[in-house]
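Multiple structures are listed underneath, in structure tokens.
What follows is chain A paired twice: with chain B in the first complex and chain C in the second.
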Partner chain A sequence: MGRKKITARKNFPLFFSPAIILILFLVVYPILQTLFLSFLSSSGEFVGLSNYSEILSRKDILNVEGFPKWPPLGALIHNTIWILIHLPLSMFSGLALAITLKDVKGSSIVKSVIFLGMITPMIVAGIMLRYTFTERVGIVTAFFDVLGFEGLSKTWMAYPNTALFALIFGSVWLWTGFSMIVYSAGLATIPKEYYEAAKIDGAGPFKTFRRITFPLLRPLNIVVITMTVLYDLKIFDIVWAATYGGPGKASTVLAFEMWLQAFYFFNFNGAAVIATLLTLLTSVVTIPMIRYMVRR
Partner chain B sequence: MKLSKTTIIITIIAWSVALLWMLPFLGVFMAAIRPFSEIIRGWWIFDRFNPSLNNFMEAWNHPAFPLSRGILNSFIVTIPSTIIPLFVGALSGYGFARFSFRIRSYLFLMIVLLMAMPQQSVVVPLFQTMVSLRLINNYLSLVLVHSAWGLPWIILFMRNFFSTLPIEVEEAARVDGASDFKIFYKIVLPMSLPALASVVVLQFMWVWNDFFIATIFIYKDSMKVATQLVPLLGLGVHHVDWGLLSASSIIVMIVPIIIYVLLQKYYVKGMVGWTVKG
Partner chain C sequence: MKMATTMETVITVLVLIAIITSAGSLWYGLSVAGDISKLTDSMADLAGEMGDLATSVSSVATSVSELATATAENLAAITGDLADITGDLSDIADRVTEIEATLTPTITVISGWAGAEMDAFLPVLERFETLSGINVKYTQTRAEDLAPILPAQFAAGTTPADVIFMWGWWIEEKGQEGHALEVTDLVDTTDFLPGAFDEVKVGNTIYGAPWTGKVKPGIWYRKSFFAANGLTVPTTWAEFTTLLADIAAIPGIIDPIASGDGVGWPLSDITEQFIITYGGPQLQRDLIAGTVDWTSPQVKTTVFEEKLVPTLGNFSDPIEWTAALDLWWEGDYGLYPMGSWITGMVDDPTDLGVFSLPGNDGIVFAIDYFFIPAYTKHPEEAKELFMFLASDEAQRLQVRAGGHIATNIDVSLDEYPAIDAMIAGLTTGKETLLDLDDAIGGEFQQTFWDQLKLLWVSPGELDNVLAAIEAVAP
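Up next, the complex of A and B:
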């Protein structure tokens, strides 16, 4: 669609200047300052990449020796594990729910319930997770107790080999609403005639999904994947509220370590390193989506 | 209407999933309305059931951290943090949709990229700046940061919306001699109320739910926003008061939930609008 554009006139900068000023001073400039800080020592001398090597050699950030075993494996690896588990689970459950709920009576109520996790403050969500995974009083631990899994009927947040996973599964519960709602909106744009035609041709539900639904929803995958990975990289509040990164750093993540370095140890330069790493990661993740949006 | 067997099965599955999803919320609700001695073996056991609002009252009127104050503070922060970026963002979203100039596409790409930035990438320098400006423990710092932080997606969302409006009306007004600004606020904004509503709902919820930015800039107990007070109410190092914690969680949650229930349509449009419609 060729949109008509009005050529700029004299006063057009006035439309942009308030936004540009706010964004420049409060977003762009601080990002560059953070980058700059990451190359300085605490006394302000330029030290090259030594902050980076210092931070990346910390066990809290990257604990390679621990690797094949349970956490603590360092924030960088915890974030990676988070993405590897959370992304497929929440994407799949969102898609499955969107398709299942398409023609269900009262589906808007069901969807609203699943979407509750998206509107709940993350700090509250962290508290709820902690409660849900606490021995005896929480329903998840009680469930595993009934099934006879002793290791999983204890307070998940109190043990290094379960704390991180409690948070990850909790984040699936919180975030599934996002992929569900995106896929639902996508499904609503698929014309009914396609399905009617498929029915006439004798296609079963599986074939219909593979040949019609899935290909037409594919452009949305990039949105869901990008937003989910960004969410996983930025995770902070639920860690703060549910485990405080513990026990023994077993559930720490990059955003939390950054906060600890900056506002607990007041090591601004080390914090700037972690922040810069996070900025790099989120930028890389976003590039495919930007290309998709530009192409459109 | 005849109901096939599969429809019934799917409906049952769907409702069971909803129930499953509700369980943690239900648990917190039960912990809030029942004395802890009743739920010590699980909130789903009802051999004794004495609901009360005591925990809510205690959280609301807490001597050290009254949640009533926190909720008020949250409103004081959230309302300007929603209104300022709404107008600033709509203004430049309109500019991106309607004016062409040399660096427009680069500027636009930069703004889209900023949408992905983690808040961690700005807080250290901003903290230092706010210290030197004496804006720590001052809501101005929160409002400024939240406003700037909301702008990228608001600009993108509004620009996409404005692009769908027919340009002919604006051109006609222009021929009649109306200025760009007059066209914007007399013609374009009134046509944009649904999109503006989406912006309000989403931005309000993000600011309301924020914890990270608030912890960086607000340290005085009497100024803390609601999300900051919840962990202080009952989340001790050695002892967790689940009743108080649950009640205050529910009080904080209720505001976004009410907004969602009333303005769901706009929320979903804001969430999906720019991703799905091409």
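Up next, the complex of A and C:
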């Protein structure tokens, strides 16, 4: 009895149609609607790029006059600062922890504790951060107080020059668990023979890391970098809970400004502009990653 | 001869034919007769069978007749039963209606009061439940958190509660948009303080009602703390600055004044007192109306540069306001600027003392307002609660719990705890004013709060702070 050979290519439309329909309705349509909204006035008239001009000229979004002074520099710059500090710190601390704990007995318990930051609700984490950096209450301020750093033993969230950094350092604690787990998984896939060969050849730990570990973890770097940048661009909860973007907008970020525009000022067109900008920025990060993954 | 012979032959043939024909006819006739005989027999049989059939039909007819009689009797019985059942169902329906009349829906109330403030408010709702038989569910959500939620709910034609406490300006705005029920006929404005409805009224149409109010009289102290340290209430600016210096010198004191921080509003309250005291009550009104700039000399110089900013060194960093209340009460700080509601939040209200900034002749009387969303599913019950909350009885229950000043003029001073009676007395001889940021609301309010938090820790940013506030001011 002859059996029809089913080819995946032939049945592409059949298999993909449920997912495509959902994506069209739940992703593509809202994106297009948001984009459309960003070109309209509150009364529904087409206004071209004037919403973009208005939003980008707001100091809350981009405070060019803030240079070379410190915050507030606007949400766009704050998000950039967040990426520049948070990405390398969480990436390398995760890598360092993964390598350090690799062959340690009982390391899974330590890893679980570190990973707790990832599963803590961000609102809860924001409130925890608020107290962690509060004078005479938080562990961080107490630590600097013991060391005699008076300037860093104050309430970080209350001051414009420290509020953003308190949030960023707090988010390093929250996110390091992610990079640690990813790198731990990557390390487990590297054959031990490579390390044995390197040892026989007389390679030291640093050289082994540079020549073997780091190159073989490169695909995971792409994942960690992409996911971390996306996390940094979309950050909202801990800002809302810990500082409300203040003081004086010193710790505001794009997602928080979008929320303010939409649900506090009821300027949905302005919120659509920020949402569109955020989509573009995240696309800049995700599209190269998707292309890389597809090539592999 | 030949002819005779022929004739004989013909005749013979004809005779033969006749004979044959007759014989055939006879034979045929006989056979038909036989058939007829058979037919007769069959007909006789048939007649017999028809007789039997007729008998059977007669029997069936009798049976049918009997059955019809029985059926008719049964139908009559069933009809009787159905009538009984219908009667029973009617009784049940009447009973259900009676039960439904006693089972009233649960209506929901939302306000921002939690903790001790909520404990003081719940007896009011319990009293309403007792009087009306209507169940009330209380939910706590801050006004600043409701503000972003409610518009989306209203746009969807729904509401999270049947009666909601919210800012007056907000209720007025939503009322005009059709999201709040008009309640003009539910309240008698003459029962309330003059102007109490101004924030929720458009022309002659009223969209909400005033609950109690809270005055923001200035700066609180513990009488025991002042007595123990030989401190006295200041009556001049010089005495005030001396007091701050004296408190700062007391061992164990972290800062003379605790700065409460919510999303920024406790700082705005003390700032408004500086504006009213050193800029004058009219300046507060002008700033609300937008007729004076925040960067103008009478604001920037007279209020901020000469008075508020020089004293900021005596304030603590902003601390979450309930935590600040505890720290102040425990003696980490000497003074605490806050509204009158703290009288219901401390262990010993009799130990509370309060003074206004020296020279003050205006006081903010911040009224809490409530309204009925247009999308309530229980409008009648909601209106009933609305009318109760607008009554002197409800306000009397609230002021007895402390921390509230009635807006209903039928509530006498005898109803107040001693400390609140004293606070109510503070308003005597002073102009009562609207809360500045509550009256303007929106982006101004958020910016005002946020910029003051910045000013508190960075007084050198005064120009930028005032410029930022002015940019969003009316």
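Note that the second predicted complex is superposed on the first by the 275 of 296 C-alpha atoms of A that agree within 3 Å, B and C clash if a C-alpha of one lies under 4 Å from a C-alpha of the other, contacts with A are read in each partner's own complex, and residues count from 1 in each chain.
We adopt the following convention: contacts are C-beta pairs under 8 Å (C-beta built on N, C-alpha and C of every residue); 3 or more make two chains touch, one makes a residue touch a chain.
Since the model is a prediction, treat every value here as computed from it, not as a measurement.
When the two complexes are overlaid on their common chain A, residue A:Leu101 makes contact with chain B while staying clear of chain C.
Once the two complexes are laid over each other on the shared chain, residue contacts for A:Phe268 go to chain B alone; chain C is not touched. Using the contact criterion defined above for the overlaid structures, shared-chain residue A:Leu260 touches chain C, although it does not reach chain B. In the overlay built on the shared chain, the residue A:Pro160 is in contact with chain C alone; chain B does not reach it. In the superposed three-chain model, the partner touching more residues of chain A is B, compared with the other of chain B and chain C. By the touch criterion defined above, A:Gly245 lies against chain C but remains apart from chain B after alignment on the C-alpha atoms of chain A.
Touch criterion met: A:Ile123 reaches chain B, while chain C stays clear of it. Residue contacts after overlaying the shared chain place A:Leu26 against chain B, while chain C stays out of touching range. Comparing the two interfaces of chain A, the one with chain B and the one with chain C have residues 130, 259, 262-263 in common.
Residue ranges on chain A touching chain B, taken from their complex, read 3-9, 11-12, 14-16, 18-20, 22-23, 25-31, 33-34, 37, 97, 100-101, 103-107, 109-110, 112-117, 119-124, 127-132, 136-139, 142, 173, 178, 181-182, 185-186, 189, 220, 223, 226, 230, 233-234, 236-237, 240-241, 254-255, 258-259, 262-263, 268, 271-272, 274-276, 278-279, 282-283, 285-286, 290, 293-294, 296. Contact residues on chain B toward chain A in their complex (touch as defined above): 7, 10-11, 13-15, 17-18, 21-25, 27-28, 31, 39-44, 85, 88-89, 91-92, 94-95, 98-101, 107, 109-129, 144-145, 147-149, 151-152, 155, 163, 167, 170-171, 174, 179-181, 184, 205, 208-209, 211-212, 215-216, 227, 230-231, 235, 240, 242, 245-246, 249, 252-253, 256-257, 259-261, 264, 267-268, 271-272, 275-276, 278. The touching residues of chain A, when paired with chain C in their complex, are 59, 130, 134-135, 154-155, 158-160, 244-250, 259-260, 262-266. The residues of chain C lying in touch with chain A in their complex are 147-149, 151-152, 261, 263-264, 317-320, 442-443, 446, 450-451, 453-458, 461, 464-465, 468.
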